[in-house]
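Handing you a structure now.
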Amino acid sequence: MKCFQTETSLSPRKRGFHLITGEILKALPEISQVNAGLLHVHIKHTSASLTINENADPTVREDFESHFNILVPEEATHYQHTFEGPDDMTSHIKASLLGASVTIPITKGRLNLGTWQGIYLCEHRNHGGSRSLVITAQGV
Amino acid sequence: MKCFQTETSLSPRKRGFHLITGEILKALPEISQVNAGLLHVHIKHTSASLTINENADPTVREDFESHFNILVPEEATHYQHTFEGPDDMTSHIKASLLGASVTIPITKGRLNLGTWQGIYLCEHRNHGGSRSLVITAQGV
Amino acid sequence: MKCFQTETSLSPRKRGFHLITGEILKALPEISQVNAGLLHVHIKHTSASLTINENADPTVREDFESHFNILVPEEATHYQHTFEGPDDMTSHIKASLLGASVTIPITKGRLNLGTWQGIYLCEHRNHGGSRSLVITAQGV
């Protein structure tokens, strides 16, 4: 059984949903040594998140941003935790709706995603800055 | 440490939430060889998802369908990605709200789920067709 | 490769979001023996859930409770599964929006969470009682 782990920082992204599959593969090239196993990617923040979704049409990612702004609206008045601005508490809630990590099967040295699947960084803050990831691969 | 992995196709289901625990166990009988570990199930699609919820009363699964249609309504007008119909973008969003994979503890050769827990296939498309899963078990 | 697994019961919590990172670490002290790996925490219930979010300001957790009551309102009339009361079906839906498990990297014997990240028990029932967890650590 093999276990590979690394930490990496993503370059700052604007608020929205961004494909980062390539950056993750580049950060842990040892994935190619795993014949069968799992890749886990964790984001060390509570106002950004990770998810898996369509890797082709950019309007999918724009519609994600629009819809999450409806599900968790900044103009609502019930938030108490607002001292960092209107995108503060909403970012925390969006982050938990999507999750802080994704786990993906590895098969024959490659991520075993569907043809249309990619990994998204979901940047919920207006100015989130660089985001840190911990990437772990386990398998045989 | 042991690692078992397989791919399987689910028979097409109608739109809605469906219990598939039995099919997963059947697809990877090697689970019985794991004394302590984890099972990971990944769906290779972006318009269907997996979750864990109540395995008894079928109205729970019907209420899931009703409520997700309220959280992500097809009649909304803000979606840009609609060329495959009104159930296209909504399915992508529902899929990320629920997630593309579940991870479940294995104890003494069996899934260590609660009494009332089962694995759901969440089929968000009107005509999703057959869905592919990658199933991985790791443990001792 | 090492694999440690235990089951533990949390003391009953009132409805809402509660930090339980300390209790999880206490339940599986063998985490300190893992140099690089993953911790998986699974809740064996369908009306409570787990998530990772801000570990400091308690109003974040109060705002989570407020917002999930808006996303999944008890006063809605479309639920069929209501025989255990208005907090029954809503708890099932909230549980799947957040998820039944979290997976967290372990690095040098410690959870590799961000500075502001903690593990939440999300208790969706009015009287949920004690909740059972299965905690699994795998790594080298």
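All chains are identified by letter, namely A, B and C, in their written order; residue positions are counted from 1 within each chain.
The definition used in the following text is that contacts are C-beta pairs under 8 Å (C-beta built on N, C-alpha and C of every residue); 3 or more make two chains touch, one makes a residue touch a chain.
Worth saying up front: this structure is predicted, and the values here are computed from it rather than measured.
By the residue-number overlap criterion, the interface of subunit B with subunit C counts as different, with under half of its numbers used by both chains.
Fitting subunit A to subunit B on CA positions gives a rotation angle of 120°, reported to the nearest 5.
Taking each chain's centre as the average of its CA atoms, subunit B and subunit C sit 20 Å apart.
Of all residues in subunit C, those that touch two or more other chains are 1, 71, 97, 99, 103, 138. Note for the complex: subunit A touches subunit B at residues 1, 36-38, 51-54, 57, 59-60, 62-64, 66-67, 70-71, 97-99, 102-105, 107, 112-117, 120, 138-140. Those residues of subunit C lying in contact with subunit B across their complex are 1, 3-5, 7, 40, 42-46, 71-72, 76, 78-81, 89, 92-93, 95-97, 99-101, 103, 132, 134, 136, 138.
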